[in-house]
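In the two assemblies presented below, chain A is common to both, partnered first by chain B and then by chain C.
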Partner chain A sequence: MTALTALKGQARLALPPGVSRHAGLLTVLLAIGTVTALKSDAFLTGSNLLNVSQQIAVVAVLAAGLTLLMTAGGIDFSLGAIAALAHGVVAQLIVAGFNEWTAVGLALALGAAIGLVNGLVVTLLKVVPFVATLATSTILGGAALLVIDGKSISIGEHLVSLGFGEVAGAVPALVVIAMVVCVAAGLVLRWTAFGRNAFAIGGNENAARLAGIPVVRTKLLLYTLGGLLAALGGVMLVARLGAASPGTGGLHLELTVVAAVVIGGTALHGGSGTLVGTVLGVVLLGVVANSLNLLQINAHYQDVALGTVLLIAAITNHLRGGSH
Partner chain B sequence: MDLDLEERQVAPVLELREVRKAFGGAQALAGVDFTLLPGEVHAVVGMNGAGKSTLVEMICGSFAPDSGDILIDGERQASLTPRRAHAAGVSIVHQKRTLVDGLTVAENLLLGRLPTRAGRVLWKRVRQEAARALDGLGIDIAPDAVAGALGPAEQTLVEIAREVDLGGRVLVLDEPTASLGGRDAQRIHRLVRTLRDRGTAIVYISHHLDEVLDLADRITVMRDGRVATVVRSAELDLPALIRAMVGDRLVHERSGTSRSPGKPVLELAGLSGGRLHAFDLTVRAGEVVAVLGPAGDGQCELFRLLTGLRRAESGRVTVNDAEVAPGNVGASLAAGLRCITGDRLSYGLVPALSVNENLDLVRRGRRRPWLVRWRDIHAQGRQARQRYGVTTLQVDPPVSTLSGGNQQKVLLSAWLDGDPVACLLEEPTNGVDVAAKADIHRIVDDLADRGAAVLLSSSDVDEVVRLADRVVVVRSGRIVADLPMDRVTRDDLVTLTAGGEQT
Partner chain C sequence: MFAIPSRSPVRNRAVALSLAVGLALTGCSVDEGSEAAGPVPSDKKLTVGFVNGNSIEFHTCLQRSMQARATKAGVTLLTANSAMDPAKELSNIDDMIVKDVDAIVVQTVNIDSLEGGISRANRAGIPIFLTSVASVDQSKILGAVVTDVQKVGRDLGAWLVEDSKGKSVEVGIVGGAPGAAADLMNDAFKKSLGDAAKVVFDQPALWQRAKAQDVADNMLQARPDISYVFVHNEDMAFGVLAAFKAAGRDDIKILTNGGSEAGVKAVSAGDFAVTVSNTPKSVGEMAIDNVVGLLRGAPGVQKIATVPDTVVTSENASEAPPYCS
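Moving on, here comes the complex of A and B:
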């Protein structure tokens, strides 16, 4: 810890604020990477890194949406369930004979619509977001199983170009999508009035409302965007796996996404957050899972590791917040 | 007798010797001596940043001094912590009230030490002990009342009673009357005098200098981290006290020129809501009209009603003869009405965001652009800061790191952007030092001179006298007087708000 804080202090002098803010996270990431690379030859191979990047692409897409939402003081626990539902819906539509891209479009629209409903419940009916989205999460989790009737549904060769395609001959299409989403979300947060309004609402909702900032509209848009991106994650899942099956997405994906965003330094009560942090959080969780695999540590330790990393991140965030 | 007196004089209950404290490079306390005798009310006054809060936090053990000694009952305290200070009988009652809202007064008084037998709470004894503690101090509050339902003054009274009941012999009161009106403040003053007569030593922090002169036995004036002077309060008057606080800086009095108001701009007709009943008022262009009342009275409803946060039960608001849709924040802003809160951190600023972004907040809310042009925001921020005299050490720090006075100027600058037609200023100098107060008064003068209709909602008589052209006094939500400023004196206003009739 002391070494870590010392390093942070040094970094603050040299690095631009966007990077120095996450110096601690970067250090942990490098440390875990170094240890894994020393113990396993497989870690730094191109195929392994590609594999990791594809695994985390879905998490990154969901986390980007959640970062925007949490910056505005919101939270959505139904993202994983929306992804699960969307991936089932795409599979069933394709099986039912729809064009694959029509199916994708419909699934995205469904995700956005669910996000909008979440937003309406939170803004107009003024239900606490935690409870509202926990309820929709449960409903959608059930609906996702109903859609695929609890069975695995193959989509055959459909969506191969998305799941296994490559851009410029090397970068997987899924990773490109994730990068585009994250960069776009980062730019939105910094350079658009919509993004800055999210900060203002998360930082002080009363002041934002009185200043004439469209609080309700911004929140509705944020929840809708969150739902849309979650559905996109679901589409990526089914494209990658070639089938919709029970247990994909859902609560475990949701927790990973929330963990990644919190590890990235976004405040749970809103008002601060960065996409750089979120991406680092996503990468960190992906690398930890991968290194546990490579080092042949019992898979049950993965959840233990996830929880531990989350706890440490939350504590350091708290300490950092307290030092101001 | 003589010996007794002498003994009292040489036995201070609390003493600070040559205490120094720096934060980063900034010297917050540069060698401060402070002596507190039993049975005295010792006021500490000074402008924001003079070192009052650092001094107080040090007395209570929250900060350790870099050098110098703290003595309690003549004993040197090597490493004072809040817990040790408390055990030694040094308690603080903060400006921010800390009662548990959902519990009764009695439970709050005995929080953490409820009398029990075999793990069962003895409720009868709880009530008895609480009633005894309250009666002993002459506080007229029912022990069974729920703390959250009490008024702010009563909550403070209960907090003080709790600390005294815990054995506090040195009581630090940090702005106990900051948001209270005359009558409520007097209840606090009565309790402070009772405690003094019982031998409790009281450190009294306040921005209300009248109150300080009236209540304190001695006054320590702090300036720039040092003790400027320690005097018996009988030995100086208000101008002398202000001079001691401000040093060589000038104190601005009301400008002699009178304004000539134009046509009616802001009209409230039969406005009712909350504690406000059938309120009629007209503010003309270039005129400052003050609504003065005891704190917490009808004038506090104006902010919520005029911003549209709350829908009026009846009545209407018009700006330039156009009715403003009730209960609609957007409509209120669109009508050219700017309401500036007296509670800047809750309703005005986004603390975590930078000064420049806060300065841009209202403009962004009005113009609804798609993109944020940081270069423009910073350029306009620099201009606004210069114009309103906002000083910061860093280039563009989060607004939460600024002093109260600077925060208030940022608030005013942000909300007064673009020549508003009519505005409501709620307690515009709440928790602000004397120099910033003078700056803010000039800003308000300037606003009226440029032709805005200014409605001032205040519980501070001096401020009303300084700023207003006309004053409307409210009591229990009803207008009791509506007078041009040149026909009332300060004393009349004090009498009116305190409940007497105008003489």
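Moving on, here comes the complex of A and C:
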């Protein structure tokens, strides 16, 4: 049903290497799940788990792209801003009378193009990715506000099939998209030459180049893919919300995505990372946000609670990762 | 190849934030130290600095209405945005001091952290004027245009009590961010509910529509028997509405605050039960009028003025005042 339960099931059965590596993170997740379930009857219901999976779908899509990129030693701080821009562009195009799927296609193309520009700045102009994408993030954050003129833009009943549709009568379309993206990204990273090239570049870029790996082409593709997935996240945001709104996406989303990926054990300096870890990180953040509401944690303590959980998760994951 | 040494995400977050702030800063502050003088003569053209707190719809409309009014009054308006960051607000105020404006209008991010900014402006002899809230030492400011957020909370609470006819009902709250204004409104709302209506859910959504949708989803899971929900602004109320629609719950009445065009329309359509209109258009216009009046020493200008508000239901939605310029 959800990624969460699927992974828990796996962990109990056989503990494949991809999961046992994240035993620390799973422990934290189970601990939080147990505490919340004991204190709130609503937590472990099917409808609440579907609810959580829907809330984390967008973060999961962005995090999948970032995991691939960070494994290759890159980073993109503009993903949240690309999502914000894409969600505004879709809304404005629909309001301007474009077919909804044309609008989606154009927004995805725009996201990919921005990713490509990020990649060109990083590879050809050799700007440090952290700085380059922080700069583009600032530009795009402003552009996102310009596109919607700082106001909320409603898309009415458009994109309802995406935002509220269900596959097989139960699983929300947004969750299906997120699962497809994460599984595809996981397979690409693990089982294709492209994925292995990403690991090699993240491990030692010079060695990778000398070994004949097309470093520039691989990185350009990774940044483009990151931009494309961020735009897809933006499309999902606008479809679910039924409107584009200032403050959606942006730095807030970006930090959540980076936190999820890093907690999932992907190294900031590249050369190591798994999609399983990233998905666990995303699920953890979603479950914590859900528990804070279900348990009625006082607003003033929410950041303290969130930060503490992140810290514990990062520490346990690191300890487990080091012992293997 | 670029490689950052392994850091904790929290540290990384701090680096990202400080860099973002650093990029946004321009120049450093120099106190001019000019003394505050008497009324500004009417032949001198006024320049007013406006430090806005955020870029959501309220703030966009506030700035637009001030700009329009300023142009009409022949006042030059310089603007800056603090993006919800109190530190950036302080440097924006510093920038305005360096530009030697005649007065600084602040739509503050957080009134509790504004004191430093006020005393800096005071030292530089530049009068400071507040919009929306004014819970500071009023001898230190030129004046303020405020919305009576406690009245908004009381009005909505009273409406709920009347609507529920004394039956015992469960009430949820989807709030903005913890802080002075939202807390005042929330406390007044809760206090006016009496004994029959009970607040069983109260969680923040940080003024974000998407976040409000998530919080409302979670509320439906935790407290499915809620029959009223108070949402601190209309943009978030639309997020809550989307969550209710997805869950097929059209039985929960939404109470909110704002008076935007879309919000009033939603009240007419029955999507929201009630909203309170206290528009940024009137805040902005009154702010410019009163700043000019107070600077020029015009008689009859109130130092602390309250923006008129109206409770809007489906009955009077067609007469609601315009929200934006």
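Just so it is clear, the second predicted complex is superposed on the first by the 284 of 324 C-alpha atoms of A that agree within 3 Å, B and C clash if a C-alpha of one lies under 4 Å from a C-alpha of the other, contacts with A are read in each partner's own complex, and residues count from 1 in each chain.
Just so we're on the same page, a contact is a pair of C-beta atoms (placed from the backbone, for glycine too) under 8 Å apart; a residue touches a chain by one contact, two chains touch by 3 or more.
In this text, all values refer to a predicted model and were calculated from it rather than measured experimentally.
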Room on chain A for both chain B and chain C (clash or fit): fit
Greater chain A contact set [chain C / chain B]: C
First, second, both or neither for A:214, with chain B first and chain C second: first
Partner chain(s) touched by A:22 [first = chain B, second = chain C, both, neither]: neither
Which of chain B and chain C A:247 touches, first, second, both or neither: second
First (chain B), second (chain C), both or neither touched by A:158: neither
First (chain B), second (chain C), both or neither touched by A:193: first
Partner chain in contact with A:206 - chain B first, chain C second, else both or neither: both
Per-pair minimum CA distance [chain C against chain B, superposed on A] in Å: 12
Chain B/chain C common contact set on chain A: 206
Contact set on chain C toward chain A in their complex: 1-10, 12-13, 16, 19-20, 23-24, 54-57, 59-61, 175, 177-178, 201-204, 206-210, 213-215, 217-222, 235, 238-239, 242, 246, 262
Residues of chain A that touch chain B when the two form their complex: 190-197, 199-200, 203-204, 206-214, 271-272, 324
Touching residues (chain side chain B, partner chain A) in the complex: 307, 309, 329-330, 333, 339, 341, 345-353, 357, 361-362, 364-366, 368-372, 374, 401, 414-415
Chain C-touching residues of chain A, taken from the complex the two chains share: 40, 42-43, 45, 47-48, 51, 54-55, 73-75, 77, 122, 128-130, 134-135, 138, 145, 149-152, 154, 164, 201, 205-206, 237, 240-243, 245-249, 251-252, 255, 258-259, 262-263, 267-270, 289-290, 292-294, 296, 299-300, 302, 307, 310-311, 314
